Amino acid sequence: MNIYRLLISCPDAHGLVAKVSQFIFEHSGNIKEAHHYLDEQNKRFFMRIEIGLSFVSNTQICSFAEFKQEFTQLAEQYQMNWQINDASKLKRVLIMGSKSSHCVADLLHRGHESEMEAKIVGILSNHDKLKKIASWYNVNFKKVAIHKNTKEADMIKMMNAANTFKPDVIVLARYMQIIPKAMCDKYSGKIINIHHSFLPSFIGANPYVRAANRGVKLIGATCHYVTSRLDEGPIIEQDVLRVNHSDSAQKMQKMGQDIEKVTLAKGLQYHLEDRVLTCNNKTVVFD
Amino acid sequence: MNIYRLLISCPDAHGLVAKVSQFIFEHSGNIKEAHHYLDEQNKRFFMRIEIGLSFVSNTQICSFAEFKQEFTQLAEQYQMNWQINDASKLKRVLIMGSKSSHCVADLLHRGHESEMEAKIVGILSNHDKLKKIASWYNVNFKKVAIHKNTKEADMIKMMNAANTFKPDVIVLARYMQIIPKAMCDKYSGKIINIHHSFLPSFIGANPYVRAANRGVKLIGATCHYVTSRLDEGPIIEQDVLRVNHSDSAQKMQKMGQDIEKVTLAKGLQYHLEDRVLTCNNKTVVFD
Amino acid sequence: MNIYRLLISCPDAHGLVAKVSQFIFEHSGNIKEAHHYLDEQNKRFFMRIEIGLSFVSNTQICSFAEFKQEFTQLAEQYQMNWQINDASKLKRVLIMGSKSSHCVADLLHRGHESEMEAKIVGILSNHDKLKKIASWYNVNFKKVAIHKNTKEADMIKMMNAANTFKPDVIVLARYMQIIPKAMCDKYSGKIINIHHSFLPSFIGANPYVRAANRGVKLIGATCHYVTSRLDEGPIIEQDVLRVNHSDSAQKMQKMGQDIEKVTLAKGLQYHLEDRVLTCNNKTVVFD
Amino acid sequence: MNIYRLLISCPDAHGLVAKVSQFIFEHSGNIKEAHHYLDEQNKRFFMRIEIGLSFVSNTQICSFAEFKQEFTQLAEQYQMNWQINDASKLKRVLIMGSKSSHCVADLLHRGHESEMEAKIVGILSNHDKLKKIASWYNVNFKKVAIHKNTKEADMIKMMNAANTFKPDVIVLARYMQIIPKAMCDKYSGKIINIHHSFLPSFIGANPYVRAANRGVKLIGATCHYVTSRLDEGPIIEQDVLRVNHSDSAQKMQKMGQDIEKVTLAKGLQYHLEDRVLTCNNKTVVFD
């Protein structure tokens, strides 16, 4: 028996859950876990269902493809945004990094130890620094330098390079460059960034310096989907760390690396387990 | 339209969700929020469904009583432990306390300000100290002293006194006495205690002294259902607080009061919102 | 033996600690606990020293007044901002509130139970709502209404009313009015506010609504000194609470009350124990 | 100017701080940061002082060796346990691991990126699994297998192997073997272990299984000094992570790895920065 994860977001409608669960029942599916949530303000309904499915000869349908095809009709009827994923099929993750390696090393180690449900297919960077760690973990490394004067053209090269990895998810692990709108659109809901502040505090550059200057008592990190509106995409996960007066901006930055990597890993894990749906600029996370 | 909360725990079975949601649909119910969880180890299925129901003349059924009666058949078929509660009907909460007032004052204030979905029907204590605060909040106060030599008889008096309040929930807000087995059984799953340690650390008496002696760096509190096995009932909620070397056992106790009252309030709130199911000695909390 | 707390902030100088500790030694003081911190950026040195002092006939000095007077010379030599407080003398706390009572009730209960090192001398409000709880805790209540059209005059009345309480500390427990500059200046470093957001996120009005709209995963509270620059005074303490997609702005507001009252109590406690020094717009908290 | 860290623990005595700070002043030292703490119960005084020292020709003393030698007299007078360390001299860290690599990889990466004030001199293991990661980070790897039947002899081999690294600190990064008493004694206060539970909860084996069975809502990790009394050495740091009913023991173990590595790194960092003193079975951590 395989596990599949069905994600649905649609306008609220009477009998929706009954229809969907009846469909699963009639197709010999077994519900393992489910979360339903009605956003009253937007009148949208969200579902995540983990289904055990066996395709044996004597059942109505014989393949996952058939299951999907038949579900399409129901989906259209209720105007669903939906997807169903085979839990055993690992998502292809492309990591984009720059010079700092704490998040990259952490993700590579999690991938290597199968702590994370993912197949890391490559590292794409604008510097050479991550090449060595990539090679050690036996992960493809590609460099596309981004020059100030040729930024636009370089970014197109970068995007093309990213495409060659056929990624299901792109993780910006402190990539430090603004992703062009075309790429944000192409991979909408599939690019995940770690921002080194507790957004919306200290949006933009140098958050640790500004945090130190403001004298905050907690610093944080934010894992969010990337949209063309910088630092304003839907937030997946946030966490914080206590600091005090004796921590300089520089020390906060070092301390912050721990919360960055943990928060990124947690947000990414939610995405990999198909636990995140978006609604306007917010996420519904069924954890 | 009223909101009802349906809680189900039963052996796992094929088509269960379909059956339940179909039933709700056919009885004009609208699902607002739902959580389903399959405990693979125990092969038990857990559901919490928030349903919007309107009983208008042209629907199949005309009352909540009829809804419940009809559901009973389905429930029997699947061997369900189940309950359905009207969200607008506040649960009757009896607080049992002793000398310390931090948890009691916190609960009374939350009740008074309608921060908590509850009707606090009384305070039952073995001392007079809480009488004044009860009267100020206009809550019934009853004292049943517990004497060493007549403990058994006193406990029966106490239990009878508790019964007169017709409580849906009994909260032990630092009551400091062991509840007799008969009462644990009568109110099984309905007595909630706050233990002043991060269980199973420092089970038993004087946890703060023992925490200070052991030099722990975090202290905690545990909100759990009371069973006849002292300090071992199903845990609903836990939380912790950072301490350091300069905090004496006495200071830890003062600091711990904050985490005790917040943890009790949170665990109780879960119960009041029908978010907690139990499975053997563990809880499923759908938050 | 009495405990005194010496707080010093001054330009860094060679031999400073030696001078101060020698002075204490020569005046028969015994150091119980001390924290020293050099702010390298501002070249300022901060000290907090807890001293045990006995004034017995055969020592050099016979009174706390003499001790202070003699220390003044040393203080001048090193250009110190300093104060020394008798730990057994409770600070006079004036609470200013408005309609919401969660912070006020929490502080009153802590004062009443001696959980807090303070003497609560009164409640000053622009509404009647807190009158009842004040009277129950036997605390003076004074109302000064603030009208839109006569705000300036009303604020002067309010300030005069505050003065009559001879407060050492003024706590804005959700007072919801902007304190006039004259009052900020008069009580500089002595007015403590609780802001219902994790500053600098959601500065200004309606933070919970804006937090819900932004879809943050943690909400927070900030306890800070009040200056004439709204929401920008030195931060004493901050804390956060996890929320999720199903928490509406309204629910966040209720949940946030817990973190508000705990954060205010903690920040105030630091102040009451003379643990906070300020440096420009930041605090040094020796906890 | 170099930074030195002076750590002192001694019986409380009148004038102690004055004497020490006077000594520092007279030897041209400049105090950067200091923490003093009197343990009233044990009548012991603890100090940590960060001192800036320049050894120039015209000062009284010309070398750190002389400084230390002269301080010895004062130390003897007050029966001090003391040490003074050059902050620029990195401590030699030996990592002992077994099969699981999450803590080891994390420490190696921190060492490599200079996030941690340490020189990692080697990895000692009873298995081959960590060899590859050690070689990649260019760190010496030594294997000493521990066989059931020859455990005692093997442990002596292991201890000899450890000695060859001349470690200042030994970190048990999930080493999973009990360290013999002789080694505990030889490296008293220098062996740091990470225990995969929130001690004293779930002392001993399989803490995650037992945590899952008990249904706790938080799991944790404990970083402590190793003594010959298993799992009972002085605690340096602890932290926790929220879990829920749907997290199996196996999943908790994966989640717990994050809190293990962060807690170990934090505890080790305190030790490396000379922030930890011990008093009986407890630590004083000046953070």
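Lettered A, B, C and D in written order, each chain numbered from 1.
In the analysis below, a contact is a pair of C-beta atoms (placed from the backbone, for glycine too) under 8 Å apart; a residue touches a chain by one contact, two chains touch by 3 or more.
Only a predicted model underlies this, so the values are computations on that prediction, with no experimental measurement involved.
Participant: Determine which of the two chain pairs, C-D or B-D, is joined by the larger number of C-beta pairs in contact.
Facilitator: B-D
Participant: Work out the mean Cα position per chain and let me know which chain is farthest from chain D.
Facilitator: Measuring from the centre of chain D, the most distant chain centre belongs to B.
Participant: Measuring from the mean C-alpha position of chain C to the mean C-alpha position of chain D, what distance in angstrom results?
Facilitator: Those two chain centres are 36 Å apart.
Participant: In angstrom, rounded to a whole number, how far apart do the mean CA points of chain B and chain D lie?
Facilitator: Spacing between the chain centres: roughly 42 Å.
Participant: Note the residues in chain B that touch 2 or more other chains, in rising order.
Facilitator: 33, 37, 246
Participant: Which bits of chain B are touching chain D when the two form their complex?
Facilitator: Touching chain D from chain B are residues 37, 39, 41, 198-202, 214-218, 220, 234-240, 244-246, 248, 279, 281-285, 287.
Participant: Taking the touch rule as given, give the residues of chain B at its contact with chain A in the complex, in rising order.
Facilitator: Its residues touching chain A are 12, 14-18, 21-22, 24-25, 30-38, 40, 242.
Participant: Under the touch definition given earlier, write down the residues of chain C that touch chain B in their complex.
Facilitator: By the definition above, chain C touches chain B via 33, 101-102, 105-106, 109, 113, 115, 136, 246, 254, 257-258, 262, 265.
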